[in-house]
């Protein structure tokens, strides 16, 4: 090779010690990574374990099918239970559904705008930035926002489930947008072109080809977003309030959700048992209820995750290979 | 079991020996009513609601234990029928209430009187129904970080029979704004003005020890380490040791009766501006025999007239029940509170009578 | 029957960048016209202007005329969506819709345009298109299987079937065989030979042998340097192009050592 | 079967649907702007009395919040902002390396079956509500971790950060940071794992073909590729830690200092936990003050995310 | 100088699936050996066993021997990392490290063993490798620019420079030109011709003309049917393979009409 410098390659030959050193480093890093892994699992499993062990004590059908009205202290109710979380489950479902109905259509259409209509435009970049920023909005700020908004628009002292939905939807929106955006991005451009080349309008291409192809990913993204907000406490305390009875009206009256219930029961800590009470009176029933509700919450989140995966699989782009 | 109507539990049969006589004459109340406020009252209010609804099955009552401040603010927006509060109304709040009450200004009446226990956790010494004897000055010094060891002479002298260890004292106080704090501190300030020089308020004033959110936080924190001491609503004291407080020359440990005694021995606060107000000015320095002076008095705040007559009817009948002998007993049973005396009840009842239902 | 295309003074831009300069070319109906030339000379770009697919890229636009049977595709009142129904396109990599079965893929063009088809009409159309794409025998027993379950060559023929199912007059193909193995390539080439009875076909290919085998006319595009616009260097019937080109550049290119 | 006639001049259907759809998409894009502006404005209106209201009353409110140690809004929010950032930064510091470790373990080291199982577990843990982490932290971790902090204070106490004595019970910034780290760990891990798994095979093979060991391959191909993804994952985690309310509220013994003594109690407090703690007992002016601090928190997260975005843009460029 | 490779009775598995069966082949030093054959016959698979890259795929393993100058690469005590230092590899699609500059890309392999490379040594090595890859003149003024800023052909040559910079004895190339345009292909083919002075080169190609142009020996792999293992059908010097193959299948394949 003309003009090339002459290289003495023996100089670059790996020395024995160098090889050994690289090997050692390789093994050490492998070890370190495995250790990091195990260390991290300890607290995570401890969380799960504590919740399960403490939670199963009170988790039964009665607990799931009654609310807390008429529950006095640690005494058993007429149905033989110690109150339950039926109202909180209903509240959680309705408020989350409300948040879902607000954030999913907006979120998906926003990602459609970002990916399909204005990829790379200045405005789109600004919105992309704002979505990023929005994903960092602390949940308590979302709560304060919904609280302020309803105070100003509806009137002071407004508490209702929908107010909670508004707060949660603010938290869900960026997650939905970002995951949908990712999913739309990975829809191959080939498919769009194939559709356009068949003389299909842009709207139908997007709805019938692009969104359909991205659907499994979008659905699992949405479900993960739900799983994230279903455990919110602080914003709901200041928006949806707290009530011991079942309220099915999302737009009027306070509503309890599972995390708020957990927190409220934890706050009660203990109850007093009157001297006359039978041995069925349990003084630390609030803590037991808190753990049981926490366990239910985890199970709900778990089920949501599983559904997400299942949906992703069912709707998945079928392939034989 | 089939799902109860919307999962409601029928009121428990035990515990509430249905308050038959106090409300027999009153007509049945129906409708939905909301209250909000002090969390200290929560256990009592839950019991009251259960009993009250057993007599008025068509009334649906809910109480959000959102905190005294939030309760009063919400009440002042007109969104709730009444508020529970650990503090009596401020002058400002009284005048603000003009805009929500149909007529006149809101007033407060005591409904819930509860001893505050000074709880501690000390290996080998604390335990259920175990006490340490302390006078006000020692308590003040401990909570001000002046006494830092459990075997300090001041403590030893008052507890000659106890073998006190050389453990450091960790003070645990409320980190949130709290009526409990204010009542505890006003006791300390009244009995030991030289040892406790801070201004009185609902926030903890010094930087000693650890702060914890809520009564539950204090109890949890105290339980979690050796050498801790704190104060909390007595019904939550559980297995922790509690302090017997020096009154006169005896040491008195907390009990509902002992708490009731100090309230009886205390005058009403004449400086409270506004009609119908019943504000107790606790006399912490009382030497009355067997009185326990560390007490929390919690109020219900209501209007003398409501825009909605049904609400007015409800509030009147609700308060009547709450302060009735039965109501006070239900609270005492389920929340460990001290039933109010007949003298006080008479004053309160007079105020309740002022509520216009027509 | 296929339709003729006449390209007049066409300049093609990506934003401000002039990618292809001043193209004039007449594409005969029911013939196969091949575009050859070095990479980046604008073959794909020109091809995509023939059904206004070019416009999908933001900022891309043209100056000049493309006449389909005398009607300028770029006239103000022509809807690009309608253009694309008349001029079908097949891409370099087979791109069946992954969520659809073989049958649905064939019907996609019709169904996506919200046309309602009776079951028997649909069946007929599917069979007709798949037979036209030489794929019927291979897939007739598994029409409801996913389209992407097929082999690459089958997928490409499926895409051709999908394109012909909307009855275009012209079929554009951008290197339809470059992702295929030799055996599949053969199948597609055979198909092109048959399709020209019904359609006008324009095909971009890197492979000169392929152009020689299947094209009636060949257009050689070139570019002076990278960053310069490409242009149509030489257009001739295929025999002339490969045996006796009257253009020095074209001769250098077709006789070059590349395959 | 093909028709002779050109359909060019027939109007194509679906034109108006096309326009409406586009309009809706644009509207939803613009809505994001509106929503964020609304968040800011509503908070701002509600916090307005802090600026436009009676300053005497404001001072009284803040003095009552702090027992007289702060007299104006900035003195009040300063230590809170400091505490917020301190807690979140520590949590991120702890979680970051562990998360990257786990993500690498799952994506590069674990056999396929184990990796899938672990991924599922991590995803589930990422969804555990923070109130449960708060419960666990306050009840299980606080007593369990004290001996460790005590040891740290004893032997590493010469480092100002670890100045003793370690508070018992350990309701300290250190413990809270650990809980928050545990909380954000699955979030960062799950995102980091996803990007690491997407490292192009080609890059990895290129490194191995040069004679790289596994770790060297990771350093050459996986880590650089995942950098921007991991940075944004960390920022997401940081955002979560900055805004976490319940876990802090249920664990930390708060204080209002600019203090780095993370093993001692009553040193710092976070904005979010402070809002939740004071909100129930706050009067109308108090709520305004708290919303003011919420606005500051909002701005902090805004800035953090903004910077993060700039970083990721630079890295990926 | 290049080294010789002898493959003996090699069976290659993906998990339980036998992908390639009983390969025996002798690869001469300082020659170019081409692997050709239909898609899926195992060309890439065999190539990758020559530097144990095969093993990266979970479950993949081999039975048999691959002798590099007589030493079995698959012996228990042979470190695959060491093998890959002696046997370099270039892939189908150019894969420079995206975060690195041109210079850093070239040095990536060397740096692994030489933490502290003097600036002048590094400069020399970069120049040497880039000249060796025929890229020096095009990039010498922008060595600190990112490697992925180059064109495809340049990137591929950069990857070759990266591979030769660690001074291997053997260079394996898996369809190194299939993603490149003709001009870049030419550049790479020229390069291969020069490189064989220093290295033993094994190249997989789909393009028979390419094999005919550059290879000294050609191995034709085949497979009986999809799902069946591939096998080495015929191995001969390139002239024989393309002009006078002594194997019917090979003849059919090389004389097919595809190109």
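Labels for the chains are A, B, C, D and E, by order of writing; each one numbers its residues from 1.
Basically, a residue touches a chain if its C-beta (ideal position, glycine included) is under 8 Å from a C-beta of that chain, and two chains touch if they have at least 3 such contacts.
By chain, UniProt protein names: A = Phosphate transport system permease protein PstA; C, E = Phosphate ABC transporter ATP-binding protein; D = Phosphate transport system permease protein.
In this text, all values refer to a predicted model and were calculated from it rather than measured experimentally.
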Each chain counted as touching subunit B and subunit D at once: A
Shortest walk length in steps over touching chains, subunit A through to subunit C: 1
Of all other chains, the one whose Cα centre sits farthest from subunit C: B
Which of A-B and D-E has more C-beta contact pairs: A-B
Whole-Å gap separating subunit C and subunit D, where each centre is the average of the chain's CA atoms: 51
For subunit A paired with subunit E, centre-to-centre distance based on mean C-alpha positions, whole Å: 48
Centre-to-centre distance between subunit E and subunit C (centres being mean Cα positions), rounded to whole Å: 35
Distance from subunit C to subunit B - Cα centre to Cα centre, in angstrom: 84
Touching two or more other chains - residue numbers and ranges from subunit A: 22-23, 199, 201, 204, 237, 266
For subunit D, residues contacting two or more additional chains: 12-15, 139, 213, 216, 249-250, 279
Multi-partner residues of subunit B (each touching 2 or more other chains): 39, 66, 73, 220
All chain pairs that touch each other: A-B, A-C, A-D, A-E, B-D, C-D, C-E, D-E
Residue numbers on subunit C that touch subunit E, as the complex places them: 38-40, 181-183, 185-186, 206-207, 209-210, 213, 256-259
Subunit A - residues contacting subunit E, complex: 1-7, 9, 11-14, 18-19, 22-23
Residues of subunit E defined as touching subunit A within the complex: 79, 81-82, 85, 110, 112-114, 121, 124-125, 127-128, 131-132, 136, 166-167, 194
Contacting residues of subunit A [partner subunit B, same complex]: 62, 65-73, 75-81, 83-84, 86-87, 155-159, 237, 241-246, 248, 253-254, 264, 266-272, 274-278, 283
List of subunit C residues in touch with subunit A within their complex: 51, 53, 56, 58, 81-86, 88-89, 91, 93, 95-99, 108-109, 112-114, 145-146, 148-149, 159, 162-163, 166
